[in-house]
Amino acid sequence: MSEFLWPVRVYWEDTDGGGVVYYANYLRYLERARTEWLRTLGYSQRELAHDPGLIFTVIALEIEYRRPARLDDALLVSCTPRREGAASVSFAQEIHRAQSAAARPGELVASARVRVACVDARSFRPQRLPDFLLNALPKAQEPV
Amino acid sequence: MSEFLWPVRVYWEDTDGGGVVYYANYLRYLERARTEWLRTLGYSQRELAHDPGLIFTVIALEIEYRRPARLDDALLVSCTPRREGAASVSFAQEIHRAQSAAARPGELVASARVRVACVDARSFRPQRLPDFLLNALPKAQEPV
Amino acid sequence: MSEFLWPVRVYWEDTDGGGVVYYANYLRYLERARTEWLRTLGYSQRELAHDPGLIFTVIALEIEYRRPARLDDALLVSCTPRREGAASVSFAQEIHRAQSAAARPGELVASARVRVACVDARSFRPQRLPDFLLNALPKAQEPV
Amino acid sequence: MSEFLWPVRVYWEDTDGGGVVYYANYLRYLERARTEWLRTLGYSQRELAHDPGLIFTVIALEIEYRRPARLDDALLVSCTPRREGAASVSFAQEIHRAQSAAARPGELVASARVRVACVDARSFRPQRLPDFLLNALPKAQEPV
């Protein structure tokens, strides 16, 4: 399975008074890449929330911040999913600075592991992943 | 009617790479003051959204930014509501730096006028303001 | 001068508990479009802040919210600048839903007027607009 | 050393279209508690950034999300710091719902471990923690 990459530009809204991207805002970048990866499977989260009434909620994450991203930086966010049981997905994600000429990853900015559970949109109770997603995910024991 | 004031502290999350509060984030401060003013009337927005199914949505605003607020600043946000017809409220709001010793407004940071409509939580169609709110609001033609 | 349009996608980060884009977050969309318009002139704000030490700060804005934008919506943000004196620029901006097939503006979501001043990056004192920007801007009295 | 607790209210700005606090925004709450803990030692981060030119930057974090927080929830954020070498601090932090009557922690919402490095405000190179902070921190091997 080839790696999914999503481009992100750093705007004023993302930076803080230290002149770098505020630490919580990297999580927004990670979520955009997961959302766009899902869209490549042909599904939007608004549709899934409406029918069959499922949303995806982050239950745990780890992130290491390696180098600060700054205003106007062009970044690339990766998204490598793995199935974890029947109701959750684990994403390995990295944020790299884009190399200026090519849209290829350069310096590592941050790396993360994000665990996402599939839940009922109203009750927030765990639900089985929908089939389209189960079929798209390598199992944890399979080589990626 | 005496003026309602709500204290706000500026954190890293609010600032941008220019070292000052990001311009959109002042709108968050304004909304906190409106929410807390409503709470002084004995109502939370979560309850109102559930029963009778009403939410308040901003339909227009004007804001002037006078002086930048910075990290660690203590601010005071005012909230002076006026009734506008049967389904909307207009708030005159100001953000001041708090004077260090007393919790009293100092330099003006920003001033705004915010028009809020009462709508159905599902359809977003205009609804009559609930009685508790109509009764709490001076009419536009009355002196405040 | 033809209209500048910048595409924006609505993510979870932009929405609030009412299921629509939080009212302050439209200001982030407006600022992205202004930033990208500036980039089309060949300038990044990080470079300008470093040399010649200029940043652009919003001094006033008006916005009308016409229809709520929702999760997964594709939006188009316009940006029509006009010179206002020697040290500030006024932007007329609109946010439209993108029409699904073509990347063309559909329903109006919000319209705004944003006044931006050019200031010294350290002192925040007003500065004359740089020449490249003055030359790119129609004067207020000229037809656009 | 007794536990430091900081109260946080959930506003519309914090929620997302799922009706709960957006996962990145819990990191803002965590940072507010760390900032206020530092303030109890008599220091503001703006002063430290100016003289002696130090800022604190998050280098890694882990967080588990246990129960969603919702609009209008009153939360309590804890902050238990430990020294990690000469240039960084590790914070164990929890977010609990406040019990309505007393301002005491109720249900666990999230728990986190946050590693923060002291760096030069310009170069972002690691710096020794200032003495006031070293003296306030229990060493990793000491019982808290």
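Note that the chains take the letters A, B, C and D in the order they are written out, and that residue 1 is the start of every chain.
Keep in mind that, in the parts below, a contact is a pair of C-beta atoms (placed from the backbone, for glycine too) under 8 Å apart; a residue touches a chain by one contact, two chains touch by 3 or more.
Given the structure is predicted, the values throughout are model-derived calculations rather than measurements.
Engineer: So chain A and chain B: same face meeting same face, with over half the numbers shared, or different?
Structural biologist: At the contact between chain A and chain B, which are copies of one sequence, the residues are largely the same (over half shared).
Engineer: Greatest Cα-centroid separation from chain B: which chain?
Structural biologist: Measuring from the centre of chain B, the most distant chain centre belongs to A.
Engineer: What's the distance between the Cα centroids of chain A and chain D, rounded to whole Å?
Structural biologist: A distance of 24 Å separates the two centres.
Engineer: CA centre of chain A versus CA centre of chain B: separation in Å?
Structural biologist: Each chain's C-alpha centroid was found; their separation is 34 Å.
Engineer: Round to the nearest whole Å and give the separation of the Cα centres of chain A and chain C.
Structural biologist: Averaging C-alpha atoms per chain gives centres 27 Å apart.
Engineer: Would you please write down the residue numbers of chain B that are in contact with two or more other chains?
Structural biologist: 12-13, 17-18, 20, 24, 28, 31, 49, 70-71
Engineer: Going by the contact rule set out above, which residues of chain C touch chain B in the complex?
Structural biologist: Touch residues, chain C against chain B: 17-18, 20, 23-25, 27-28, 31, 49, 55, 57-65, 68, 121, 124.
Engineer: For a test of understanding, state which residues of chain D touch chain B in their complex under the given definition.
Structural biologist: 9, 11-13, 28, 31-32, 35, 44-47, 49, 70-72
Engineer: Under the touch definition given earlier, write down the residues of chain C that touch chain D in their complex.
Structural biologist: Listed in rising order, the residues of chain C that touch chain D are 12-13, 15-20, 22, 24, 70-71.
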